[in-house]
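Presented sequentially are two complexes of chain A, the first with chain B as partner and the second with chain C.
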Partner chain A sequence: MKISEARPYVVERLKYALNPRSIAVVGASRYPTKVGNKVVAELMEWGYKGTIYPVNPRAKEVLGLQAYPTLRDIGKEVDLVFVAVPAHLVRSILEDAVAIKAKVAVVATSAFKEIGRGDLQNALTEYCRRNELPLIGPNLVGMGSPYDHFNCGFIPYLPVPGPIAMISQSGANLLAALGTSQEEHLGMSFFVGLGNKADVDFAEFIEYADQDPRTKVISIYIEGLDSPEAFVKSCRKARKPVVAIKVGGSKIGVKAAFAHTASENPEGDDYYDRVISEARAYRARMWQEFLDVSLALGYQPPLKGDNVVMITNGGGAALLSCDHFERLGMPLRELKDISPLLAAKIRAYMPMFGSPLNPVDISGTAGVIQYKGAFQQAFRDPNVDGVLGAICPTAVTDVIGVAKAAVEVYRSTRELGKPFLMICQGGGECREAIRLLRDAGIPAYLTAEQAVTAMVALRKAGK
Partner chain B sequence: MKISEARPYVVERLKYALNPRSIAVVGASRYPTKVGNKVVAELMEWGYKGTIYPVNPRAKEVLGLQAYPTLRDIGKEVDLVFVAVPAHLVRSILEDAVAIKAKVAVVATSAFKEIGRGDLQNALTEYCRRNELPLIGPNLVGMGSPYDHFNCGFIPYLPVPGPIAMISQSGANLLAALGTSQEEHLGMSFFVGLGNKADVDFAEFIEYADQDPRTKVISIYIEGLDSPEAFVKSCRKARKPVVAIKVGGSKIGVKAAFAHTASENPEGDDYYDRVISEARAYRARMWQEFLDVSLALGYQPPLKGDNVVMITNGGGAALLSCDHFERLGMPLRELKDISPLLAAKIRAYMPMFGSPLNPVDISGTAGVIQYKGAFQQAFRDPNVDGVLGAICPTAVTDVIGVAKAAVEVYRSTRELGKPFLMICQGGGECREAIRLLRDAGIPAYLTAEQAVTAMVALRKAGK
Partner chain C sequence: MGKSYRIGTPEAQEYMRQYRNAPKGLSSFEPGVIASDAKEVVAFNIAKSFYQVHPEVLNLRLVEEKTGIKPEEARKRLLRMYQEKRFMLVKNSAVNVSGFALYYWAVKLREDTTPEERKDLMEWFQENDQICTGYMMEEGGDFAVWNGNHMRNLDNLIYGVLDKFRFRRCVEWVHVCPIRRLLRESSVNQFDALPDRYRRYTLTEEAEKRIAALKRGVDEKDLDILGTLNRAPSGADLFDYEALARLSGLEPKEMEKDFRYAVDEARVMIPMLYLNYASLGLKQRFYLVSLFENTPTFREDEIGDELEKDDRFVNIFEISDAHHAFLLSSYEGIEDGEDIRRKLLSYGEVKEVLVATSPRQFRRWTCRLDERLYEECVFTDDVLLDRSEEASHEDQ
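== the complex of A and B ==
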């Protein structure tokens, strides 16, 4: 439900959603196939450090923990109330939560506005707002943080730690992002599913994320934007970059967005272009772009000029990159135009048949020494604003060795404030190199176009 | 060098490039760090069944095989001569190859036209054409086929077997595709790097691939198209779909393409749009699209109408898909407009809060039974032209179980000739499901947009 700006009491309370000292799970079942059981199981399995209070009127114990018939029976302070009971029971649970002075309520339950029961949902919102109990959801999967070993919801895994605060209306896409994080080391500071966002809105999580010291970029997946003014205000206030993907712009998507998270989209898609641009956020169009740009803005500084030097051992990645840079309106410039001396300096690190154009092709025979030399020359040249490296696996390329060399160069040149991105197009060793590079803070990508898109996003951030 | 059409003697000889009974490796070194050594080592390691003749004037043996001072000393029939010696020695090797009546010559050596020595390269071409010895290369990485355990060149791995003939001018991008094949089960029938393509051209490999019974789609990575007429003729003659990616269209890309594979691009990029459209081929713009569309056209029939039904357990993938279908000019239609009865039939497989719109959201609780039922209903409806499935990993989703169910449904509905694509956005279990689905002939993708792009490509093929 609409807010005109982020409410300070909500922002202040969100720390209890993401780092609670105690959690009551209402609807905690004894049966392992039930979602209410899984919430408790995941909390325990991933190493939650606080206290868990299962609430279940028909159980004495859930997964070895003492269970309570109602919230009121707990008799201790409860930070977070996680609600996983049928829709018609939610109101009375929230009344109990208010009564015991819980800090925040998270409602996972579905079957509210998204199936036409907006009345039921609005009544909950009004009740919670009147009693200043922030309500997250309903119709969500949960939240967590890899730093705190905190996994609260129907969530099969935690992401790897990193800079991205992932704030998603869709549960399924949030889970997809978490799975990708594990596989591809897309590092996150915390994540949350907002579902129907009956009460707590994007703006409030944006302000929370802006204060969170582990978060370096705020990434938001939007199906419906009920409170565009609040969104714009909070984004503009944030000192951290914001990446937003707004879906449901298509004709049938408008209906699907309503059916999914009760999101209303009375405005055309152009409207969201204007809102997101007014918010000074980056608008991603596609899922992969959303993840890729988030990673780049999370780890690297903005690109302050157009002088990007690309260093590669293969012409294929070079050509894909040239074309994509031009497609995105930021064509690569020739090395001689960027810095007349640089070409000669880099020449020392390539064989006769290499090409000191830009992309600089140090050839398929390039090893660690050639890469290191070329990278260092590029970083140290005062005319160079950013460096894009590519490792193509040839039969003689030490992909992991080159990735390690890239990390070394990055560590010694980082204070120059020049963005460094990498491309590793290929098989198993490339995927390993990507994880290694990302763990060291270098956004690395599986295709040339992904890296180029990310570099252009860094340039937008630099303007 | 330009040809006006595919030359029959060349097409006929290409079987010796891809399935030779014997190979002479000229420049086969005893030292494992040398590329000439790696060619022999890879052939042996991957299980080449024919005879290998290392040629090296200073060695008696290479990797345990008898070595010969020159090609003329072998004294047996040689199908393929693989040349990995410095540029100035290549001419005399080719003279020997002609003398011993080798069937085809493959020249890996660099430093020809791409560094300004077009004169040297053209002399080789003219010599080979005069003597009807097809010359593949120079400046290439090699070729192979997983079906024949054949890996000939500087190639660290074979792809998994499948329908795609991968014909690439770039070596690095070819290797990237092979690595991706291993990791993501992008199945290939054969692959070849063409490099500078001084003699043998795309057209000839297209005609060979069209005859090859294992190939179902012909995928071509182009940096320069010297012989557009021949290309168009061969594509139009082919009974199999052709997917082409043409790079080097950007201003700096024109120079990079020359430096890489001596490719000349006197025409603007629009020209290639026209050529590829005249060839009735699909033009991919980006690397990922190139691979994704190749897979779809390789495994699935064309989509004969616009009525695609999407079945998903998560609204996030649904929304990304809706938007991307509309972005590509093929919006999804509502289920009730496709088939009034289908919504009711599918309703039986979803809970109350599911959505029978289109995408059909059978909800996060959906299991194998729900998926199977929904898929079957969709396939059997005469108004449905194709099905797009999505599996989102929730805490209760049996991702692998659903993938296996999809394979079962596919096997029993395959004769209907309706394309079936899948989306699995997520972590490790999704990647496993993708491999499982692809192994069964169902193109499955890691993001919604990739699958939608592939479905739209199938529709183009159906028109």
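== the complex of A and C ==
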């Protein structure tokens, strides 16, 4: 339901959704194949430190924890009420949640507005708003934070810790991002599925994420904006960059978005272009771009000028990058035009057949020493605004060694505030190098285009 | 798509004239079928989730009207009875309408079965999610188990359930008993009783008095409450729709109208209050009846209708294509078991009556009855599964 701006009481309470001291899981089943059982099991398995109260009128015990027939029977303070029962039971549970003064309610249950029960969803939302009980969902997958070992919902894994606040309307895509995080070390501060976002809206999570010290970038997957005004206000208020992907703009996608999360999209895609632009957020068009740009904005400072120097041992990656920079309206400049002195100095780190143009090709024979020297020279040059490195795994390339050298240089030059991105295109050792680099805070990508897109996004953020 | 024949309407007769056999439902796609989570049956689903702590979802005004027991007292008694596991709100679904067959099976164990083998097998039955209803018999009877489930595919029963236990050393025989008519279950007449006998509650007042006299956790008032609700004129009268509305936020009149249609017109579901006999220390004596092979089908049906008139039976299943023709049960010590056996043997068509006594029920239509997971409703639907394929993977 529409809000005109983020409500302070909601923003204040969201800390209980992401770092609760106690959780009541309503619908906590004793049976291991049922979702209500999984919620409790996952909380325990991932090391949640707070108190868990399973609620199940049929059970005395769930997974070794005392079970309670209703929320009212718990008799202790409950921060988060997680609801995993059929839709027709939710009203009574929300009444109990209000009665026990729970801080926030999360409703995972489906079968509300997305199947035509808009009136019921609205009635529940109005009830929660009257009683100032923030309701997240319904129809969502869950939320959590790797920093607090908190994984609440139907989510099989936690992401690796990092700077991205992942706020997604889609559970499936949230899970995809979490899986990518685990495999490819896309670090997250917290994650949440919003589902139908009947009550708590994007705007409130944006403001919460802006206050969250672990979050450096706010990444939002949108199927529909019920409250564009609030969204714009909160994004503009945020001191941190916002990356948004808005889907469901195609003819059939409009219908699919309603069936999925009850998102109504009467306006065309141009409308969302305008809204996101007005919000001063970065609009990603494709999923990979969304993740790549989030990673860059999360770890790196904005690019303050157009002078990007690319250092590579492979001409192919260089050419792909040149073309893509130009395609995106930010062509690379020749090194001599950026800094004649640097062009001369960097010669020391390449064989005679290398190219000091820009991209700087330090050749396929380049080792750790050459990479390290070239990176250091580039960073230290006052005319250089950012550095893009690329590793091509030739038979003589020590991929992991170069990645470690890049980390060393990055750590010693970080205070200069210049962004550093890497391309590692190749096989298993490149994937390992990507993880190593990302763990150190350097956004690294498998393809040149991904890295260039991310660098251009950093430039947009720097303007 | 051509003409659609809607189940539960005269179109079903039209279908039979055209195709000469009864229409068989195919899950929720068949015209007229109501899915278990459909809006038409939401009243039951709400009540099933709340009656444990909100027994006022049951029609306590009807209880007061018929018995004089005030709603608050009835509420307290129902709460206590639930906490002591004396009863459970359950449903029977007209599974044949949804395209399932009811397959039961009787198991006889070898005489030299060890206590460990027996215990292990019984726990296997308890834990198997493909068994939706099952009874364990005491040692020394003519058979040891009466189990069943609703399945769509006979191969799934063989590969997924029977093959998993019938080759154990202790198993002497397994007789598959497809149910031809479900006449009575838990003292409530079912979908295949004659139309004017549908939903009749058969636990007599005399039987109730005898059960109460045992003083094992329920008294006459308790049984009056359960009996009144089970005798409600319609299955839809079991609930208080205002109470359901308060808890769910749904519209009471619409819920009631929908549910009346589902239970009275479409007859896809019978809600009832199940008496958990094992929690009262009661046992059921089971009679597995065989008819001579040359008994005509109509005569078997007639015998079934005659047995249905006997209120002493708690369960009555009519079986087809099997060694046996009927499975019946009655409460031991409440009814005269020998008299029942004599009655059954008085039929000239009856070839044999096997007898066994059950002190324990594993599940009641998917709801578990064991202490550990009481009322956990679990069943593995076989609709989209090919258990023979799974079995072949296991072999590899």
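One rule holds in what follows: the second predicted complex is superposed on the first by the 463 of 463 C-alpha atoms of A that agree within 3 Å, B and C clash if a C-alpha of one lies under 4 Å from a C-alpha of the other, contacts with A are read in each partner's own complex, and residues count from 1 in each chain.
Here is the rule we go by: a contact is a pair of C-beta atoms (placed from the backbone, for glycine too) under 8 Å apart; a residue touches a chain by one contact, two chains touch by 3 or more.
Every value quoted in this text rests on a predicted model; they were computed, and no experiment measured them.
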After superposition on the shared chain, which partner residues are touched by A:R21: those of chain B (first), chain C (second), both, or neither?
neither
What is the contact status of A:F325 with respect to chain B (first) and chain C (second): first, second, both, or neither?
first
Count the residues of chain A touched by chain B and by chain C, then name the partner with the higher count.
B
First (chain B), second (chain C), both or neither: which does A:H88 touch?
second
Per the contact definition in the header, classify A:K237: touching chain B only (first), chain C only (second), both, or neither.
neither
Check the residue A:K76 against both partner chains and state whether it touches chain B (first), chain C (second), both, or neither.
neither
Have a look at where A:R58 lands relative to chain B and chain C in the superposition and call it first, second, both or neither.
second
Looking at the overlay, does A:R274 come into contact with chain B only (first), chain C only (second), both, or neither?
neither
Intersected contact list for chain A, partners chain B and chain C 33
Contacting residues of chain A [partner chain C, same complex]:
29-31, 33-34, 57-59, 69-70, 85-86, 88-92, 120, 123-124
How about chain B: which of its residues touch chain A in the complex?
33, 35, 38, 42, 110-111, 114-115, 141, 153-157, 168, 170-176, 178-183, 221, 223, 247-253, 255-257, 259-261, 285-288, 312-320, 322-327, 331-334, 352-353, 355, 357-359, 361, 364, 392-396, 425-431, 446-450
Parts of chain C lying in touch with chain A, wherever the complex brings them together
37, 42, 45-46, 49-50, 52-53, 129, 246-250, 372-376, 378
